[in-house]
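Look for subunit A in each of the two complexes below; its partner is subunit B in the first and subunit C in the second.
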Partner chain A sequence: MFTFAAKFGGLKLYLKMQKENILKIFLACLLMVVSFSTPAISQEHDQHPEPEQHATHQESAEHDEVGAIDTEEEVKEYIDHHLQDSHDFTFFSDAETGAHYGFPLPIILWDGGLKVFSSSKFHHGDEVVEADGQYYRLYHSKIYKTNAEGDIAYGEDGFPSNERPLDFSITKNVLTMLLVSVLMFILFRSLATSYKSRTIPKGFGRVLEPLVIYVRDDIAKPNIGKNYRKYVGFLLTVFFFIWILNLLGMTPLGVNVTGNIAVTFALALCTFFIVQFSGNKDYWKHIFWMPGVPVPMKIMLAPIELLGIFIKPFSLMIRLFANMTAGHIIIMTLLGLIVVFQNWIAGPAFFGFTIFISIIELLVAFLQAYIFTLLSALYIGMAVEEHDDHHPADNEDIPVL
Partner chain B sequence: MEALDLSMIGAGIIILGAGWGLGKIGSSAMEGIARQPEAAGKIQTAMIIIAALLEGVAFAALFAA
Partner chain C sequence: MEKLVNDFSFGLFFWQLLILIVLAFLLWKFAWKPILEALSSREEGIQDALDSAERARKEMQNLQADNEKLLQEARAERDSMIKEAREIKEKMISEARAEAQNEGDKMISQAKVSIKNEKNAALAEIKNKVAALSIQIAEKVVRHELSSREEQQKLVDDMLDDVTLN
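So, the complex of A and B:
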C-alpha cells in the first residue's frame, strides 16, 4: 500500500500519511511478528531438552511440513528467481499446496518453424511439452530442448548443455514493457491533445507537464545546445520509460525489468546509435586526430578515444542494471532475514529497515532515470557540439603555465 | 591448498576508494554551494555527473570480483 501511495502522490504525501499512520503500521507490524514468531517460539521451547543434532533435524523436518520459506537456501532461491525474467506472471505462490496465483504467458519459439503454445503447459517447470515432434522443458526460467523424458545434461561448467531454441516469447518483462509503452502512449497523447483546446493541461497531464519541461529545460537544453529540439523526444521517452519501470519494480507486482541487463543493453544501444549518427565532423576529428596535440600523442590517444565511444554506453548499461539489481536484492534480503530469524526483535527491525530502504529506492528510481537521461544528453551534446577551434594553447594572449 | 581468492577484497578496496571519492565530491559541492548559493543548480548537476561516473567504477569492480 505504501509504495502505491508514494508512487502516485509523491514522497511528501507518503511521509505525511506515514506520520498519521505510523501507529497503525507499527501495530500491524507487531501483529504480523506475533503471528510469525508464535510457532517458532513454541518450537524452540520443545527442542530445548533434545540434543543439538536432533534439534536441527527436527527443525528442518518441521519446516518442510509447514512448507513456508524458512531456510536460507530457499530465500536465496526465491531472490534469484525474482531477479530473473519468467515465462509466467505469478503474483504469489502457496508453497504448502504448490499452487501458483497468476496467469500464464504465450511462448513463441523459432525452432525450424514457428511454435506457439501457452506457458501453462509447462506447469511451472514440472512437465515436458511436446510441440511438432520436439520436446521442450523449462529449467530455471529458460527453455531447453530435451528428449521425451525431459532429461537435462550438464556440461563441465555445471550449466545445462542442452540445445536451446530461439525464444521470442512474451515473457513477464516483455509484457510489462508493452504495458508501460501503452500507458505512456495514452498519457502523453492526452497531454499533447489537451494543448489544442486550452493552455494548461487537464487531469494527470498537470503532473506530467512540469516533468516534461524539466527534462527539456534542465537536461536537454543546457547539455545539447542549439539543436536540442531534435533529441527531446528520445530523452523524454527514455526518462519516463526507465522511471515508470523502476517504480513498477517497487510495487508488489514483482517485476524487475530495468534490473535485466538485456533491457538496459537495448536502451544503451539506442543512445549509442543516436550519438554516433548525430556526430558531426568535429566529433570524429576530436576522436581520431584531435587538434592542438602533438602527433605522437595523437597516435596514442586515438585508440583510447575510440574505446571511449563504446565505454560510454557500456557504463550506462551497467549503471542502471547494477543499481536496480542491487536495490531489489537489498530489499528482498532484508525481508528474507525476517523469515530466517523468526523472532520478536528481528521482525520489526527488518520491517523498519525495509521501509527505510524502500524510501531510498524511490529516490534511486528517479535518480537512475535522471542520470541515464542526463548522460545521454551529455553524450549527444559532445557529438553535436560546434567547435570554434579556439584552443588556449594556440592562443598567444593567454600565457601557458 | 587452493589459492586464496582475493578478488572480493580487491573489490572492497575499490569500493572504499569510491566511497571516499563520493564523500569528497559531496563535501566540495556543499562548500561550493555555501560559497555561491546562486550556482547551486549547476554545482548539483556537475556533482551528480561525477558521482555517477564514480559509481560506474565501483560497480565495475563489483562485477569483476
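So, the complex of A and C:
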C-alpha cells in the first residue's frame, strides 16, 4: 500500500512536469491495473475453494444466520453474506432460536414469464420455491433454477452452474435505493419550494444549500466550464445519491449498496453515455486523430485513446466499489475479531479500532461521492472542452486521479 | 474477477439504472432547476445590490467633490469680491482725494486771482485817490504859489512828506 502511494506521488509529480495527455492516459491505465489488483487480491481467498469445499460452505451457508457466529470461518461467511445483496430485509437474527427479525421483500423473476412471490417463501434459503412449475432456490443470496430437491451443481470455477432466472426482485439494495430516492426528492423538493417564499432557506435547507452550491461551484463549474448547467443536475443527483447510500452503509441497517458492482456499473455507465453523447468534434478528433503529433504517433495514440474512453468510467466503477467494499470488510472484520477472540483485552481494543475506522469511513463516504462526481465532471469537461491545439499549460489544474 | 462477474446482479443493475434516470429527471425538474434558478437569481440580486451600492458610493463621492468644488468657487468669489471692494474703496478714496486736491487748488487759484483783482482794484483806487489828492494838493499848492514862492515850495515838500505811498 505504501509503495502504491509512493508510485502514485512519483507519477503525479512526473505528470506535473510533463503535462501531456499521453502520460495521463498511461497513468490512467496504470491506475486501472492497480485498482484492479487490489480487490482481486482480497478475493483470492474466496476464489480458491474447490467444489468440495463449497459443499461444506453450503452446509454452513444454510446455518450462517442460524448458529452463533463466533469462529473465523463463520465471520468470513457472514461478511461475505453482508456484502451481497439480499432478498429480504433482516435487521438482526436470534442465534439461539434461528429467528430472523425483519421483513420479506417481493421476488420478481422473468423466466419465460413474469413470476412474483414473496421472499418469505424461501425461508432464508432453507426451502425450495415452486412457481408455475419451476423450482427456485435461494443460495448465497442468489436465486438459481433447480429441481424439486433443490440440488445445486458446481462448475469448474467453483461457482454453481445452475441456470439463473432474470432476477428483477426488489431486493434490500433496490429498496434502499428507492427509499434514498424518495428521501432525496422530499429533501430537495422542500428546499426548492422554500425559495418561493423566501430567498434564504431555513431549517435543514441551510445544510443542503451549501452542499448544492459546493457541487455547482467547486465540482461542475471549474471542470466543465461554461456549459455546466446541462450537467449539473446529473452531478448533483449522483453526488447526493452516492453520499447518502455510503452513509447508510455505516448505519446498523447493514446495507451495502455502493459496494455492489452492479450499482457502480450503472452509475459509471451513465457517466460514460453522458460523456460520449456530449463529446464535441474536438473530443473525437483528439481520440482518433490527435492533433499536434506526427502521423505514426497519431496511429499509435488512437487505440490508446479509444481504450481510455472505456477505462475512465471503468475506473469510476471499480474505485467506488472497491473503496466501499473494503470499508465494509474492514469494519466487519474488526467486529468479527471481537467475537472470535472473546476476551477482555481484544474486545475493547477492537471496539476502539472499529470506531476509529468508522470515523475514517465517514470521511471516505463523502470522499468517494466527491471523487465520483468530480471525475464525472472532469470527463464531461474533457468532452465539451473547446480546445485550441497545442495547449501547453491550460490543463495544469486538471487532476487525473 | 470471476467472483465479481458471478456476483454481478443484472436485476440490481437494471433497477439502479432505472432509479437513477428517473430520479435525475424528477430532481432536475422539481428540485435542481428551481433551486439553481433561485440561487442564481439570488446571487444576481446580491450582485446588483453590491453594484448599486458601489454606484451610490461613487455618486456620493462625486457629489462631495462637487460640493467641495462649489465651496472652493464660492470662497474664491468671495475673496475676489473682497479684493475688488477694497480696490474700489481705495480708488474712491484716491479719487476723492484727487478731486479735493483739485478743488482746493482751484479754489486757491481762484482766491489768488480774486485777491489779485482786489489788489489791483485797490491799487487803482489808491491811484485814483492819490491822483485826486494830488490834484487837491496841486490846487492848494497852486493857490499858495500865488502868494509866495517859498511858501509854495514848503507846502509841496510838506505835502509830499505827509503822503506816503504805502
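Details
Just so we're on the same page, the second predicted complex is superposed on the first by the 322 of 401 C-alpha atoms of A that agree within 3 Å, B and C clash if a C-alpha of one lies under 4 Å from a C-alpha of the other, contacts with A are read in each partner's own complex, and residues count from 1 in each chain.
Here, contacts are C-beta pairs under 8 Å (C-beta built on N, C-alpha and C of every residue); 3 or more make two chains touch, one makes a residue touch a chain.
Owing to the predicted nature of the structure, the values given are computational and were not obtained by experimental measurement.
Of the two partner chains placed by the overlay, only subunit B lies in contact with A:319; subunit C stays clear of it. In the superposed pair of complexes, A:213 makes contact with subunit C only, with no contact to subunit B. Contact with subunit B, but none with subunit C, is seen for A:374 once the two complexes are overlaid on the shared chain.
In the superposition on chain A, contact is made by A:189 with subunit C only, not with subunit B.
Annotation for subunit A, partner touching more residues between subunit B and subunit C: C.
Using the contact criterion defined above for the overlaid structures, shared-chain residue A:232 touches subunit C, although it does not reach subunit B. Of the two partner chains placed by superposition, A:343 touches none, neither subunit B nor subunit C.
In the complex of the two chains, the subunit B residues touching subunit A come out as 41, 45, 48-49, 52-53, 55-56, 59-60, 62-63.
Put simply, subunit A touches subunit B in their complex at residues 218, 222, 315, 318-319, 322-323, 367, 370-371, 374-375, 378.
Only residues 1-4, 6-17, 19-24, 26-28, 30-36, 38-39, 42, 45 of subunit C touch subunit A when the two sit together in their complex. Of all residues in subunit A, only 39-40, 43, 46-47, 84-85, 108, 142, 157, 159, 166-171, 173-174, 177-178, 181, 184-185, 188-189, 191-193, 195, 199-200, 209, 212-213, 216, 229, 232-234, 236-238, 241, 260-263, 265-267, 269-270 touch subunit C in the complex they form.
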